[in-house]
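We call the chains A, B, C and D, going by the order they appear; numbering starts again at 1 in every chain.
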């Protein structure tokens, strides 16, 4: 069974959202990453970019007030903020590949301590779902992941080497799980912040790669 | 001295303009080619395209009525026809390279019977003026040239092989000079139409490549 | 001396000439910009052995999309950024046919898919991209180093036909899209030999659209059809409205 | 929570940080879209050893363009679609310096010039084009056959700065161009690390430009300056008005 211990999904997203810097252009993947836009990050100004060419979208549209011409990358009906602009798909991905996106937050099945990650194909599947993930992973200045620390069967998702096909190599900067905040440092994951109520040895036991603990380890929150 | 015999510049342009087919997208080079837009071609509908991204421009603007935001590729202030559209330079040349332009009419210093032509650099010059000619020459479905039959010194401009640097190879479909209308056919120019008052032997004498005469040779006009 | 009027009376008539074996691209990212009426007409028209290009392989056999045409046996191959069902529990028609080996698929990263069509529309036969380097998709393929970084060679993806959905059009086929309806549509129109547009608003006379505000120039559009009101025309439903 | 205000009070202040050795692209095709005020400010600012990218090498030493900056000894290299004077009789500053070997030039076909900048703005390091195959410009360079046709390999052309001239802007730098003023400007803005825009109309508040009608998204624009009326600002003259 998946651990339900540690942080909630929204808490994980909140922690990642607080890493965003003022003026950043942010692209949020489907699933847990979209929860980042719910986080109150005060005066920090973020420009949300969506693969379908929407630059500067705002909150989810209220029920009944949906604009049927306007969705984000997750297919949710959203609103536009003043100053928004729309471009076509080729221009949207031009922005992505050219490094105009400051961060992409993605979900993942696995992440390796060398910065590889996998999120488009499960073991043994025919076909996969890449969407914009491969472009975002190599194009964005920062790749942050949000994922459960283990699979439903308790197997670690933070591993030495990806066992399933990679989305991109060596690109991940930060990894947020229900156990804490990590960064891949080559041959190990460094634990930067730990979830309340979790012990370092619990994290180590559920991590499939070497774990080093930051000198200034803090609690998430 | 250049021959002032045969067709005038406007007559040359008129003959080329009558080759345009209904609905064609036409790009006119600087100089004599721009005279084609003066020609009355009746009900034939032409869409004029300019390298700077104007699709569907119309007549030259009347004096005093110039729109300072609107020029054609020759830098002339023009008007727009209803149904016009403006794109940026990369998209304009995307259209050109992808074969969306039915014909480009260009000036030239030399044209060879194998379809090569030269119009961007004179012998011994440092630098040159390519503009959009190299893109148009390889991209347009048809390349038509308008040029004086000989140089100021009486040397032929229709030659076996270009002596000055080529703009493109093997692309020319029709050549209009003050002597008549020609097509390059590989090892010779075929004379399709001859200017009033000019004899075939005069044309042959002033042409720097083999000349074959069309079975149905007609007079221009 | 008036620009050609490209307005066609109906969807089926506008796509009647599509032959078996054609390569057709569809716009749409979720529902905005999805040319549902043209897809439904293609199902009725019946062309077979098609290669279809779109972001996803579509929904159920009743949703306009690749799945509907796969279920009718019209499709040879799909070229998409998603070829697996998003949820393993959903057995959509495409997944069923694909797993049974009855349809081929080429999985292409979304940005590469857009750029390959843009390249086709720009006379660029091939380009290099950083996307997919080091992944299964790059196995056995040509890569090259520029400035110390590895890139993958990708070739242009030209289309025979593009189906697009636009907000407004004039009679010559100058198009405007609204909001995220734009998505792949302008790129498809550049890539295709013949673009067919379904349009939501009344077709405008020439000159009614500001030339500075045209999103797809009419020279890229071959045929335009006005979408009738529902239920004769296909329109996305307001959420919670059924 | 408001988008950054990018409006700068003056041209010189907006380009003060340009260092010697920078690569700068200018918009403009004839006069429309030519950022004359920013070019004049660059002449005053005095940065040297510049690489300049534009359609042409400019006019006299008094016309805003590459020639003016060459005459002041600020230019190392020009990358243009025209590097020879259009009329041999005109000895413009660029021609004079070029023939004397005091400035370098790279002659690039106009479409290739635009596409190389677009590639830089699209994360594409290189692409193949049919343009210039078989010409002096392709001598000694890599070509390749695709589908039986020969193409030339061209690399991206990234810029440190782009100078653009637009019709309207909002405070975040979303831009609109009018008519053929658009030309290279949107492509330059994609290619550059920092884009500086001179704008003809009063700067608009956020939300005043329809998101569907933005030609260059504000995320591509770093700085915006409103052009003052003549004679303080540089404006093209109506023909016959002097």
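The working rule: a contact is a pair of C-beta atoms (placed from the backbone, for glycine too) under 8 Å apart; a residue touches a chain by one contact, two chains touch by 3 or more.
As the structure is a prediction and not an experimental result, all values here were calculated from the model.
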If every chain is reduced to the average of its C-alpha atoms, which one ends up farthest from chain A?
B
Whole-Å gap between the CA centroids of chain A and chain C:
29
What whole-number Å value describes the gap between the mean CA coordinates of chain C and chain D?
34
Distance between chain A and chain B based on Cα centroids, please, to the nearest Å.
56
For chain C, residues contacting two or more additional chains:
115, 118, 122-124, 129-130, 177-179, 182, 211-212, 215
Provide the list of chain B residues touching at least two other chains, using ranges where the numbers run on.
80, 86-87, 90, 93-94, 96-97, 139
Building nodes from the protein chains and edges from chain pairs that touch, which of line, ring, star, complete or other describes the result?
other
Every touching pair of chains is listed here as A-C, A-D, B-C, B-D, C-D
Which residues of chain A touch chain C in the complex?
50-54, 63-64, 66-71, 75, 77, 80, 86-90, 92-94, 96-97, 121-122, 125-135, 138-139, 165-169
Per the touch rule, the chain C residues reaching chain D in their complex are 115, 119, 122-130, 144, 146-147, 149, 151, 155, 176-179, 182, 211-213, 215
Which positions of chain C touch chain A when the two form their complex?
29-32, 55, 81-84, 86, 88, 95, 98-99, 105, 107-112, 114-115, 117-118, 129-137, 167, 177-187, 215, 236, 238-240
Please output the residues of chain D touching chain A within their complex, sorted ascending.
1-4, 118, 120-124, 170-172, 174, 190, 205-207, 211-212, 214, 217-220
What does chain A use to touch chain D in their complex?
23, 25, 43, 45, 47, 49, 55-56, 80-87, 90-91, 93-100, 139
